[in-house]
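Two complexes follow with chain A in common, the first pairing it with chain B and the second with chain C.
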Partner chain A sequence: MILKPQLQDLKNIGYYSGKIIIGVGLTMLVPAVIGLLFAEINPALDFLIATEITSIIGLILTKLCFTEEDLNWMQGMIVVSLSWVAAMLLGAIPLYLSGHWGSYLDACFDVMSGFTTTGLTLVQDLDHISYAHNLWRHFTPFLGGQGIVVIALCFFVKGVSGAFKMYVGEARDERLLPNVIDTSRFIWLVSIVYLILSTLVLGIVGIANGMKTANAFFHGACIFMAAFDTAGFAPQSQNILYYHSLLFEVITIVIMFLGAMNFNLHYHLWTGNRREIWKNIESRALCITLLFTFLITLIGLNQVGSYPRAVIMFRKGFYQLISGHTTTGYMTIYARQFINDWGALALAGLICAMAFGGGSCSTAGGIKMLRLGIIVKALQQDLKRIVSPEPAIVEQRLHHLKEIFLEDKQVRAALLITLAYLVLYGIGALVGMFYGYPFLDSLFESTSAAANVGLSCGITTPGMPAGLKLTYIVQMWAGRLEFMSVFTLIGFFIAAIKGR
Partner chain B sequence: MKTAISLIFFCWTVCYAQHISSTELINKAKEYDGKSVVYAGEVIGDVMVRGDFAWINLNDGQNAIGIWLDKELAKEIKFTGSYQAKGDRLEIAGVFHCSCIQHGGDMDIHAQNLRKISPGKLVKEQLHTGKRNFTIILFGILFLVLIFVRHQSSFGDKVKLPQE
Partner chain C sequence: MKIKSFYNAVFGIGTEIFYAVVIILAAFLICIAAYFFNYDS
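Now for the complex of A and B:
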């Protein structure tokens, strides 16, 4: 029997969603201040309007739904999934007001793309956009990558029980520190330290490359936020190609790697336990899948003779592949070059890399290295079982922060989520084909959206059908939250209709 | 003699040749590789000087393409496109590379000649009075809502949840 949600459920969901909405509203003050600093009055007004609307909605929700009750698991999950939708709808206000997005749907698309650290974009005339709006584009992945709920946990929530339920709902089930709020704060500490260092380095490189000082540091901060949060937005329409700089490419590769690393590994790195990085199953899985997909890509590029020299093929192939594998989406080629110049085999390698994704508990999307590692270990265990004498007990271990004996429930969970991702990639590809795009193009773009990558082969343009825009929005959202909170939300609506 | 011929050729290219769009160059990159092309667009972003040369990026309204040109030629550029400026509109005659060996495989044009089609200008921002008025009205509403909310519970109070 399905139970209809009670009024208390709605109050709890409304109250905590309201808190998170207020948090999102306050973050929009940052671009408003930047707008004022650069004497961009109208853009600053766009953000003030958005902050005011968001704060009013958030405050009314917290007032109407005021409660002192704790969240249960279902409520925690629904708060997360609804908050992400609310953040998209409200975060799109300043973008739409700027006039650089063709419709409100386009603005919502970009905000969802930002919060989910995807990087697909529908912006028009990006090269003339204000600093304030450009900052917000890059700030959304910085907020969403660490987790919108994580922000709220840091600032608005004192207790830890309900907090943990929301934290898990945002596709993070690992705690670096005993307390989930301390974990959230550590995540932010890591991110801010890297932000300061990377902005300095990228800014100096930018100046050396001939950029104006203010632009160099602004671009440095934006590029860091989008690279570390594996988003792939860039301040100019040519993406990384704009800089024409090998050094810039090398630095962004390092940042993309850092972004795709599990925050637990950052913790070990910071506390001096570097051995963990080499022993961890995620690092090993990343090395293997990277080599495997890079080999496929190189063979593919070589087959079609895309590049005149091996060193160029290596540079272009490696950059796009790292960008895809870490689910960042930075590009040093034009979108249509994937289809025109790369050939099917190289694209297949890149699609596999995008589908695999980065580390769990990182800002990366995709199936994730930990799940792939678990699945391969389970396969090894089964093969050992077949070749061992029948009464033998075959145990399989893996190293992820500590030695773990592989259990069936871990394998089941990993397989279920992997299957969900594969289905999501497939559905997006089918929708793309329904709208008349070729199979490979559709699969490429769909995988990119669902794995929160952001590489585009040219389908994602302001002129693409609204149905496809909505499909990609849902894919980005479900992919980022890793399904559970989205499934819970669907279940909640079914219960509201069919429950007793 | 050679210089004179090439000068005549480039004058002819600049004056009479049709501009090729960035979309055409990207979609038919192999076809145009190594050929002389005429491309026009607005200078966007920074003029990035690298030694005796400079990088600029020209946006023709569809895409932006990197142009590698002599530093002296780049000196003609006075405005680059951004939120606060409309960049100079230039016409470039040069050699197109679909995967430039000199520049790590980037798609670019090595400019040999440059002509300013129209100068750029600073864009003076006009205050949008509708937005200003809306901001003030919303601020009033927000103020009232804050008073209403504070009546029951103070905003900013941290929620107390039971210990895990």
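Now for the complex of A and C:
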């Protein structure tokens, strides 16, 4: 029997969602201040209006639904999934007011793309956008990558039990420290330390390449936020191609790696356990899948002969591959070159890399290295079972922060989420084909959206059908939250209609 | 204790960057190998 949600359920969901919405509203003050610093009055006003609307909605929710009860699992999951939708709807207000997005749906698409660290964009005339709006575009992945809920946990949420349920709902099932609020603070510490270091390095490289000082550091900060949080936004429409610098590209590759690394691994390395990086199943799996997909891409590119020189192969072939594998989406080629210059085999290698994704509990999307590692280990265990004498007990171990004995429930969970991702990639490809796009193009763009990558082969443009925009928005949302919160929300609506 | 934490964090960052640089160098070597392979053929 399905139970109908009670008033207390709605109050808990409303109260905690309200707190997160207030948090989102306050973050919009950052681009407003930047706008004022650069003497951009109208863009600053866009953000002040959006902050006001968002804060009022958040305050109304917290007052109307005031409760002192802690969240249960179902409520925690629903708060997360609804908060992400609310953040998209409210975060799109300043973008829409700027006039650089063709419709409110386009603005919502870009904000969801930002929060989910995807990087697909529908902005028009990006090269003439204000600093404030450009900062907001890059700030959304910085907030969403670490987790919108993680921000709220740092500042607004006191109840540790309810906090953990929201933390898990946001696809972060590993605690670094015993207290989930301390875990959230460590995640932010890593991000802020790298923000300062990388902005300095990228800024200096920008100045050396002839950029003005303020512009160089602004670009440095924006590029870091989008690279570390594995989103593919860049301040200029030509993306990373704009900088024409090998050094800039190498630095962004390093930042992409850092972003695709499990925060738990960061914690172990930062607390003295430096050997962990060479033993961890995720860093090993990343090396193996990277080598595997790069060889496929390399063979494909050699077949068509697009990049005959080693340096060009590295800067065009490997860069797109690592960008896809870490689910960042930075590009040093134009979108249509994937279709015109790459050939089917190279594209297949890149699609595999995008589908695999980065580390679990990182800012990356996709199936994740830990799940792939578990599936391969389970396969090894079954093979050992077949060749072993019948009464033998075959145990399989894997190293992820500590030695773990592989259990059936871990394999089941890994396989189920992997299957869900594959279905999501497939559904998006079917919708793309429904709108008349070729199979490979549709699969490429769908995988890019669902794995929160952001590489585009040219389908994602302001002129694409609204149905496809909505499909990609849902794919980005479900892919980032890793399905459980989304499934819980669907179950909640079914219970509200059919429950007793 | 604080000095040890700082030391660990700095070397932790160094290890992470070293890991990324090793992979980048490996990829570059593969690109060079592919170039010579193509050149011979």
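Methods note: the second predicted complex is superposed on the first by the 498 of 500 C-alpha atoms of A that agree within 3 Å, B and C clash if a C-alpha of one lies under 4 Å from a C-alpha of the other, contacts with A are read in each partner's own complex, and residues count from 1 in each chain.
Methods note: a contact is a pair of C-beta atoms (placed from the backbone, for glycine too) under 8 Å apart; a residue touches a chain by one contact, two chains touch by 3 or more.
Nothing here was measured: the structure is a model prediction, and the numbers come from that model.
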State whether A:270 touches chain B only (first), chain C only (second), both chains, or neither. second
Go through the superposed model and pick first if A:287 touches only chain B, second if only chain C, both, or neither. second
Regarding the shared-chain residue A:306, is it in contact with chain B (first), chain C (second), both, or neither? first
Per the contact definition in the header, classify A:250: touching chain B only (first), chain C only (second), both, or neither. second
For A:412 in the superposed arrangement: first (chain B), second (chain C), both or neither? neither
Common interface residues of chain A with chain B and chain C? 308-309, 313
Would you tell me which residues of chain C are touching chain A in their complex? 4-5, 8-9, 11-13, 15-17, 19-21, 23-24, 26-28, 30-32, 34-35, 37-38
Of chain A, residues touching chain B in the complex: 16, 19, 22, 39-43, 45-46, 48-49, 52-53, 55-56, 59-60, 62-63, 66, 68, 70-71, 97, 127-131, 156-164, 180, 209-212, 215, 236-238, 241-244, 246, 306-309, 312-313, 315-316, 332-334, 336-337, 340-341
Which residues of chain A touch chain C in the complex? 193, 197, 250, 253-254, 257-258, 261, 266, 269-272, 274, 277, 283, 287, 290-291, 294-295, 298, 302, 308-311, 313-314, 317-318, 322
So in the complex, which bits of chain B are touching chain A? 26-27, 29-30, 44-50, 54-55, 57, 59, 63-64, 66, 68, 81-84, 98-99, 101, 103-108, 125, 127-128, 131-132, 134-135, 138-139, 141-142, 145-146, 148-149, 152-153, 155, 158-164
